[in-house]
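In the two complexes that follow, chain A is the common piece, with chain B as its partner first and chain C second.
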Partner chain A sequence: MALIRVEHVDKSFASRHGSISIMQDISFEVKDSDFVAIVGPSGCGKSTLLRLIQGLDHPTAGSISFRDQKVDAVCPQMAMVFQSFALYPWLTVAQNVAFGLEALSWSPERIGSQVERYISVTGLDGFQEAYPRELSGGMRQRVGLARALAVEPAVLLMDEPFSALDPLTAESLREEVLQLWRDPQLPPDAVLLVSHNIEEAIQLADRVIVLSRRPGHILAQVDVDMPRPRDRKSSAFYDLTDRVYSLITEGGSAMASKTRPEGAPSAG
Partner chain B sequence: MAGGARIHLTAQGDSALSLVEPASPGPSTGTLPPAAPSKIRWSRPATLLYLAIPLSIGVLAASDPGFTAAGLASYLPTATVDVSYSFLRMSAAYLLSLAFALSYGYYAAAHRTGERVMIPILDILQSVPILGFFPIVVLVLYNLQPSGFGPNLASVILIFTSMSWNMVFGVYESLKTVPSDLREAADTFGLKGWLRFRRLLFPATVNRLVYNSVLSWTGGWFFLVEAEIFTTNGAALPGIGSFLSFAASGHNTEEFLAGLIVLVIVIALLDFLLWRPLGHYAERFRFDQAPSGEGDPILVAGTSGRFRRAASYVTRGVRTGVSRLSTPLVQLAAITVRPSRHPSARRQAVIYHLSLGTILVLVWLMLIAIIVAVYTVFSGTIMPSVRAQMLMLPLAVGFSMGRLVIAYAICLAIALPLAILMARGPRARRLGLPIVEVVASFPATALFPVIIFELVPYISPEGAAILMLMTGMIWYLFFNLLSGIRSIPPDLEEAARSFGLKGRKLLRRVLVPGVFTALITGSITAFGGGWNTLIVAEYLNVGSGQSLSVLGVGQLIDIGYAEHADGGYPLMVAALFALIATVIIVNELIWKPLYRRAVERYRYD
Partner chain C sequence: MPTTFPKCNPTEMMGLLVLLNSHKGSEDVALLADDLDLEIDEIFPALEFAEVLQLVKVVEGRASFTDLGKKLVGGSIRDRKAIIRDQLRKTTLFKTLLRALENAPGHALSDEDLGQIVSLTTAPADEAVQNIVNWGRYADLFRYDADERRLVLTRRAPASRPGPGQARPPSPPGTTESSSSSSSKSTPAAGPNTELRTAIVATATS
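And then the complex of A and B:
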């Protein structure tokens, strides 16, 4: 059964020159234990797509469903990690992590133990009472991650989560995200990552959805059949990166040999 | 009002929380270039609403049985001539302020030594209630030249004092906050002289300058009425301020409404033809792309005065003295204070409460010192009646403070819900904001005679005084809160939505902390406006044997001025110094620490 089903989604916005189409006819599925990455040039609507999926915004046409239920309000079984971290400067690390749990009206004791668990899972022990501005970028994004994981979402949505970090920090945080993902004790069931970094997508995901420039449509869905941990220097990794790169720059005309055609259902 | 709505929020009509529509188009993903439609859409109802204001004034006219439209029209020519006089006076004062702001601001920002003296001086000047200058300026200039030029010059200078300080701070602060990379880029390319001014310094200041100019004109209109009446004993200067005041004291509804209509039209025209286009033009010179934590520059204008040298010595001395004295007291008081989880927090709370008490004691000591000083200076000439009034000074300051606090509380109760409504509802904002803008820039002082004639029987002199104080306070609060709510970063708002926070939790966790800094700055500027208004709100003679007089420091200044020929001069001086000392002490020991703490804890970065 598909966890998320996106069917023929269009999105356009009104502007002074009439309506601008952001994406056209987007269809794909996310299954249980899928790690899916969405890549594409800037402005192709990747982040908008993520917001449509959680229900923060609505598609102009088409439909999105989660466990066969249409998503028409903010879906509480999904949690988002933001590019800008979106931490509240007036709340401590612990309070920020508790943020989503408070919305669920849990008892203070239950919130407390849950917060402790995810603070330690994300390596934030000892920083409970710190304020976000006292932390480095990498630590801040750990808080963002802990906040999202603490609500134990079925789907973790990550919107360019490593883009605001320096390369070394980003690399180590990517490794940790992978470790968390492979821990069967921990949520989520599926991850949807938006990135403009092709290598990052291939390093992390089981499947990479390649979007065209605006208006975004799916150029290809590329399966990544490499065992983890993946070696960025291997020729297989390099070939795949090159293929995705060509897809984006050439608009998807060539390079169809090992990729599935646009919009086809995923094999998982 | 720049467009730049974050599209995926505005596109969704039923959002639980679409409170953010940043003033600048953010570079974040998922946004499009500024959305123009919102601008086009709201201008039409706005135009209608501008027309609706004179219309509603007309409805009020119907309450006067002797009222005829022809009668009203017959006053329009005189009103138009008078408003032109006032406009000329305002323009002269504004040009003076502009020249002063540019030269003073540029010099202070460019020269370290000059800065050290100039900025503290300016900080004192801006904390002194503007109306406090009135008696001194008037007495000096009037004595120099009793007719024609003298009173006019006095009036222009008085308007100047209400316009210039915030413009100087605007220039100075925007020059000091030019991003260092832009400054360095100009250095590496060797930009100097005129080119440097045109490419770096002018763009750096123009945005703040336009914004603060609007504020200055609003302030100028507010004090215009006083500036045209105050200057002369008997024969007032021709102008819309004196026109309105005479109409009101003569109970002439037709004349009063004619003046009101002409004034509203002039203010609205200025807004449409000058400030809006200028604001649009200046918008392109913004350095920051993302909404800053302090919201609009307006917030900083009134508050970030630097009192570096002169006053910080005094306050530091006082503070160390206070803390040394209070340590044993703190331990004593700690027992009575509600236990808190963190001992350090409890200690802080205790110190804070104790120092509030200390501040009051300090104000009182200062007052006594002033009274004693004035006594010695004027020892020979003080009359018994004046002496009695002078001894009332400490009580008067207390009454004035109480009145301000009550007016502030009512203002907050009105402004906060209004600001939330307008920040969160695009429709409410589109329809309501133009009205609020015109009403806010309309000089409430012109209506003070009406308040006294019509409302005193219902709400007592005390109520009328508080109502008048509110007109001088509420807009600072409202506009600060509005921009504060709107400058909560969009990603924080979106995260709240993403995690499903609603209702009271949303209020407690996001909205209230998000506007806290704006609330503090709004409160500081509102109290600044309130101290100013005290001088007209506590004592006002509106002719026809009617006047309002309630015990307060503003009243004592006015009485001293009115009787300056009969020995009231010492009273005026003492009351003026008492007012200035109180304002400075309260600013330094309450507002500035509070502001610093708010910025530290609640800024976004």
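And then the complex of A and C:
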């Protein structure tokens, strides 16, 4: 059964010059235990799409469902991790992780043990009492991750989660997200990652959805059938990267430089 | 074990190990850096730290996992942390620091004491102190109370995690500062911790 089903979704915004179409006729599915990445040039509506899926905003046309239920309000089975971490600077690590749980009618003991569990699985123990300002970027994003996972979502939505991190830190966190996703004892069942970094998408995902520039529509869904950890310097990896770059550039993208940049685009 | 602690945080070092793992556990240092579009000196601190913790050896410009390093990357996030904790404990600096915490009143050290201990074994810069505190916290060997500005020993049962309910909310930021830090402005040798400092020096120089 599809976990998430996106069907013929259009999204447009009203402006002084009439309506601006952000995306057109987007359809895809996310199944249980899928790791799906969405790539595309900036402005193609990637982040908007995540917001629509979570129910933070509504499509202009088409529909989005989660486990066959139409998403028409914020779906509690999904949690988001942000590029900017979005932590509360006046709250400690433990309090930030507890934040999403306080809306639930749980006892303080249950909240406490849930917080402790997700602090531990994300490698944050020792930092419970720290404030975000005391933490490196990598540790801050772990807090963002722990906060999202603490509500035990079926789907983890990630909006450029590694883009604000230095390359080594990003490398470490990518692998940890894979670890968490693969662990059957832990949420999430599925991950939907938005990235402008094609190599990152291919490194992580089972399937890469390639969007065109605005108004975004799906150019292709590319399966990534390579064992992990994936070697970015292998020819299979290189060929796939090349294919996705070509799709985007031939799709009329404004992002494209004429030649493919050498090596990985910096994660930072 | 050497006690020079390069400036690098635990997540960066893990990133290097993950990278090395995707190169099947052994690779030229230059090619590792190249894979992330980094200059070679940008990965040196992480590499050196991994060497200090005996997770990686570098021979003739080629980095390879030690058996322990291989075990670490194969483990869960929690398993990795446990290995890093054990390895940090073997270093002179952490030995000294943990011993000082054991002996300190309330198992806590002020920023001042801490700076002094770190300066005995490594460069006396604030950055170095922060770096060490960060690693010790990461390994859950001690916690740092930012309100009280002091380092406090973590009490732990040997193998398992302490039970739930540990996430106690500390007092909000900005309400303290006054209580602890000002009272201990004594000169190094004459404070209440003279005995402690003697012990530290003895450990550090042995």
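Basically, the second predicted complex is superposed on the first by the 251 of 268 C-alpha atoms of A that agree within 3 Å, B and C clash if a C-alpha of one lies under 4 Å from a C-alpha of the other, contacts with A are read in each partner's own complex, and residues count from 1 in each chain.
As a convention for this text, contacts are C-beta pairs under 8 Å (C-beta built on N, C-alpha and C of every residue); 3 or more make two chains touch, one makes a residue touch a chain.
All values derive from a computational prediction rather than experimental measurement.
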item: Combined model on chain A: chain C and chain B, fit or clash; value: fit
item: Which of chain B and chain C A:Leu168 touches, first, second, both or neither; value: second
item: First, second, both or neither for A:Arg207, with chain B first and chain C second; value: neither
item: Which superposed partner A:Ala79 touches (first chain B, second chain C, both, neither); value: first
item: Touching partner for A:Arg5 - first (chain B), second (chain C), both, neither; value: neither
item: Of chain B and chain C, the chain that contacts the larger number of chain A residues; value: C
item: Touched partner set for A:Gly126, first chain B, second chain C, both or neither; value: second
item: Partner chain in contact with A:Arg230 - chain B first, chain C second, else both or neither; value: second
item: Which superposed partner A:Trp90 touches (first chain B, second chain C, both, neither); value: both
item: Superposed arrangement (fit on chain A Cα atoms) - minimum chain B/chain C Cα distance in Å; value: 5
item: Intersection of the chain A residues that touch chain B with those that touch chain C; value: 90
item: Chain C residues within the chain A interface of the complex; value: 9, 11-19, 21-24, 34-38, 43, 46, 76-78, 80-81, 134, 136-146, 154, 161, 163-170, 172-173
item: Contacting residues of chain A [partner chain C, same complex]; value: 90, 92, 94-95, 97-98, 109, 112-113, 115-117, 119-123, 125-131, 134, 136, 138-139, 142, 166-176, 179-180, 183, 229-233, 263-267
item: Residue numbers on chain A that touch chain B, as the complex places them; value: 13-16, 20, 42-43, 45-48, 51, 54, 56-58, 74, 76, 79-80, 82-84, 86, 88-91, 99-100, 102-104, 133, 147, 151, 159-160
item: Sites on chain B touched by chain A in the complex; value: 7-9, 11-12, 28-30, 32-33, 35-37, 489, 491-492, 494-495, 497-502, 505, 509-510, 513, 516, 601-605
